[in-house]
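Below you'll find the structures, each written out as structure tokens.
In what follows, chain A forms one complex with chain B and a second complex with chain C.
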Partner chain A sequence: MKDVGRHPRIKLMTLSEVEDVSGYVGNFNVKVRRKARYVREADCTACGECATVCPVNKYNEYEVGLATRNAIYIPFPQSIPSSYVINMADCLSKDVITCNKCVEKCQKRCIDFDMRDEIVELKVGAVVVATGMDVYDPTRLDEYGYTRFQNVVTSLELERLINAGGPTGGHLVRPGDTKAPKRIGFIQCVGSRSHNRGNPYCSNICCMVTIKNSLLIKEHYPDTEITVFYIDIRAFGKGFEDLYERSKREGVRYVRGLPEHIEEDPSTGSLRLKVENTTAGCIEEHELDMVVLAVGLEARKDGDKIRHLLSLSQTSDGFLAESHPKLMPVDAPTRGVFLAGCVESPKDIKDSVTQASAAAARAGVILSSDKIKLDAAIAVVDKEKCTFCELCVQVCPYSAISASKQNKIAAHVTEAMCAGCGSCAAECAFGAISLRHFEDAQYMAQIEAALAENPQDTAIVFACNWCSYAAADLTGTSRLQYPPNIRIIRTMCSARVNEKFVMQAFKLGAPVVLVSGCHLADCHYMAANRSTVKRMDRLWSRLERLGIRPERLQLEWMSAAEGQKFARVMAELDERRSKVTPEEIEQTRKALEAADKKKVA
Partner chain B sequence: MTPTEKQSKLKCMRCGHEYTTSDDLIKVERACPKCRSNSVRRVGEKK
Partner chain C sequence: MADEIRIGVFVCECGLNIAGFLDCGEVRRYAEGLENVVVSTVNRYTCADPGQQEIKKKIRELNLNRVVVASCSPRLHEPTFRTCVAEEGLNPYLVDMANIREQCSWVHSTDRKAATEKAKDIVRIAVARARLLKPQKENEIPVTDAVLVIGGGIAGIQASLDLANAEHMVYLVEKQPSIGGVMAQLDKTFPTMDCSI
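Showing the complex of A and B:
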């Protein structure tokens, strides 16, 4: 952090928050609110005299409440800049200057109550999001008595209790009576790997954090009895298994099984728990002086703001989604934005730093070139045909399109922001937007060719490039069988499937049509496939109004790994196809032709 | 069951099963509780 602070080409803006982002890759405009510090950092020598006279005592956020701080304070010993700050919400002088003790004490005269927040505008070429995570709050799990029992602490609190710079100077004591605990229990997976008690995913770091802390405690207090209650230990990183083995050699006991609940003996503050040791197949009772809950990590509660500002998407666990898990793991779906650290998924420091280095290198690629290469498949507007309806603006997941109904301004695509999903082209009823290389005429020709011979025996499948088409590939490479009369038409995203493609297929005699794409939360184009969902509802209603059975149009989401699902869906689709009679197909054709005539008239 | 204020009525286009849900129909992946198909259509009034 010191190196960053001193670096001539890095501008470190602490106590600052991004308020607005506009523009696009290479040309972002960022508005940053620099919050008032009320202490001139250039003059402050961090002597600490001011804090000695401050009468306010508040929850110390850095010490997770294990200590207090004043209203004027230094957030933590190694803070950069090394300067005090006043939390105005806590200061007695927030409305009228009533206290003024710190001002009187400060010899350097660096306290200034007239300071105001400042808005700073920056022009940047790339953005790295590294806003981290939240730690799971186990207060919700009443059975473990966190906050009810003083000697039940979280792993984060333990970090402070054993840190030489922490509130106890590194002397491990239990909060209830400040006595050194002789028997410590760690409960793993608190808030992780559970569908009804926290989050369903593994938080990645908790096993190693416990192993590390058990070794630290054993090193300083070898007589401490340590028991770890776990589901399974995940020590998969370099050197991790060694650490695990070492902690066992040091006498840490590992019991496979999680306790149901904890009871406290109010006279001693000791904790009792019962656990089913699933390795030994017996119930064990434990009496402990202190219990540490190995809490998981979760997405930041205030993360939505940054997500909206940069048009980013989340995976189902709430963390930010990368552009592609294998090929672009540090790129965000918005071009020019990169992800690093726990904002993307729970990870340890090594992985966070690895990802941050990669993100910095990716950003460097953009910054070091005058021009960037874009994919050719991006949306283009025929301004003559545009009716300013703004529908394209609404469906674009990247906010790459602007238009104005009010001012009659035709749609304009900022090419550097367009990712090429084609949602806009599918939504435009006037053919005013097309996706280069994936144009309407090309699709119409493919549909025609697929149904040129024996249309009654053919099923039309629209498959998105990233998931369902890849699932079809996997079906092939896995030697799984599916009916040979399926005709697959590849689109970049399911959202590219225009209603008229589906109608054209039915008009040309297709008995059944399937639209398929990535699972809703896994869309390669952020949430473009939500447009598909809306369009499918519209299509089913339209078919019904025309007297065509809506069941002939199917929708399936599948991932690139679901080759088996692909094969099963295709077999079922063919089965459905075989039940559509030539009479029904003929009726459909007539109904659609009549509808076309009505439209022309 | 009749759909309440926040519930939507859905019909599976694969097996015909009808059900109601309070899920957000656009953000949450629709899957028929009976046959797991995603060909699930919103029927009736838009809520």
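Showing the complex of A and C:
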């Protein structure tokens, strides 16, 4: 930590948040809000005199509420930067200077109430997202009485209670009466591995956290009786099984089975629980002085902002999705952005460090090059066909297109800003803008080829490369089965699907067509799939006007992680396909041909 | 001069991942009958060196100007085959992939006939697209040699130090008043049982 503070090539900005990101790989423009600290960081010596006179006492975040802090405080003794900070929301002088005690006390005169937030603009070539996670809040699982019983604590609270730098100086006491607990129970998987309560996934760290803490307690208080209630012990890492065995040798008792609820004896503060020991096949009753809930990890509640700013996507568990689970595990789907630590999935310190070094190496590949190549698949304008209507400008999620109706200036694409979603090409009614390598003619040829034989048995699926096409791949990797009548056409974004593609499919005899893309908030191209929605609405009304059942055109959102959903949607689509009769297909063909003739006339 | 379109279709068995569930030979024969397809071959592993050598050899011998690889997802191996054809002097954008593994053999593994028919269709669709592919040029852009690291927990700290030690400028942005994250709240840590800070 210290190395970060003094490294000549690291500019550390604490109390800071990324407000805006624009640009692209190699050339991101970033706006960072540096919030006012009200203490001049460079001058503060962290002597702590200011805090001794501060009359305010507030919840101490670092000590997870087991201690208080003042309005002017240092988060913890080894903080980097080593400087005090004023939480202005807590300070008595937040509106008018009414207290001023800290200012009077500070000999270095480094407290400044006039300090204001500052916006810093940066230019960077790559971004590493290491925003971490939230620790599961067990208030929601009230059967363990976390909010009702003082001697039920979380594993994070226990960390502070056994830490020499913690509120008790490392002397383990229970919060209810500050007595040393003699009988401690750990309940595993709190907030993890449950489809009903908390999160369905394994939080990865909690088994080892409990094993580690059981050993630390045994080391200092060998007489303590420790019982761990678990479903499975997952001690899979290097050296982990050794620690598990050691803890058993030290006398920690492991009981396979989770208690349903906990009761408190109000006279002693002791806790009683009943558990089915599934190994022994019997019901056990336990009386304990203190219970530790081994809480899991979950995605940050405030993670959406960064996710949207960098156009990242999340897996169904809320953590950020990587580009490929095996081959690009630290690359984010946005080029030039990399993931490190728990923001990607719950992991321990060693794995976080490993992944962070991997992300640094991957970012280094970009930063060490003078120039990088951009994908050629971007929008290009045929200026002769452009009618200056500005529709392409409106649908471009990256503001990469300029045009002027008023001044009759044809559309122009700033190539480096174009990400290649193709929404503009789908929107242009005059064929003036197309997406290189994903041209209309190529799609029309694919549709024609897909329906060349037995069109009545064929369902056409347009799938977005980043989500639904990836979900289709995952369906395969997972060996899930679906009817073989589906023909998938890959688009980079669902917004690339031109209305004429869909009409062409119906004209050529397709019984059903599905357009699929990323969930609305998770579009790989910012919010390009909002254009998909508008086009689908237009298509549905057009089909209705032509007497074609609108339900023959379907829209589905799925993420890259939803292989099961993909298989289910395909089965449903095929079911729908089987209900479209040859007569209906023929009627559709005639209706569309008549409409075409009318247009020509 | 309007060049004649000459397509090579390379059908991959992927060991038994594809060949185990559909008839690759039949797919190859079907491909060879498609318009503009000059040659079609079956390979055990097209992505492996012998498979790639075969593609290069056929480009050279038969003057191929489009390549269709019927194998796995383009999300997996499109870059592999783009590099492969580029090494033989063909523009990398003149390759298309027919995804007959993730989206065919693996999802229709109980119906060999239907899977084979679908694979033929997928190849036909890819060939139709390949006919219309055009060579593309990738633009080059300059890179700013600086990096933004968001988050100053253990992961952000490690990434920042590695990048700064590799001579890159690092901007480390942390929401809290100190770096350290959750790690700084922990007592001893496993597996070494030493201090977290």
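One rule holds in what follows: the second predicted complex is superposed on the first by the 372 of 601 C-alpha atoms of A that agree within 3 Å, B and C clash if a C-alpha of one lies under 4 Å from a C-alpha of the other, contacts with A are read in each partner's own complex, and residues count from 1 in each chain.
One rule holds in what follows: a contact is a pair of C-beta atoms (placed from the backbone, for glycine too) under 8 Å apart; a residue touches a chain by one contact, two chains touch by 3 or more.
Treat the numbers as computed from the prediction; the structure is a model and nothing was measured.
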| item | value |
| --- | --- |
| Partner chain(s) touched by A:H437 [first = chain B, second = chain C, both, neither] | second |
| Partner chain(s) touched by A:I231 [first = chain B, second = chain C, both, neither] | neither |
| Which of chain B and chain C A:C99 touches, first, second, both or neither | neither |
| Contacts of A:V85 with chain B and chain C, given as first, second, both or neither | second |
| First, second, both or neither for A:P484, with chain B first and chain C second | second |
| First (chain B), second (chain C), both or neither touched by A:A410 | neither |
| Per-residue contact with chain A, leading partner among chain C and chain B | C |
| Partner chain(s) touched by A:P550 [first = chain B, second = chain C, both, neither] | first |
| Chain B versus chain C as contact partner of A:H519, first or second or both or neither | first |
| Chain B partner contacts - residues on chain A that touch it in the complex | 519-521, 527, 530, 533-534, 536-537, 540, 550-551, 553-557, 572 |
| Complex contacts: residues of chain C adjacent to chain A | 73-76, 93, 99, 101-111, 114-115, 117-118, 121-122, 124-125, 127-129, 131-134, 136-164, 166-191, 193, 196-197 |
| Chain A-facing residues of chain B, complex | 13-14, 16, 25-30, 37-42 |
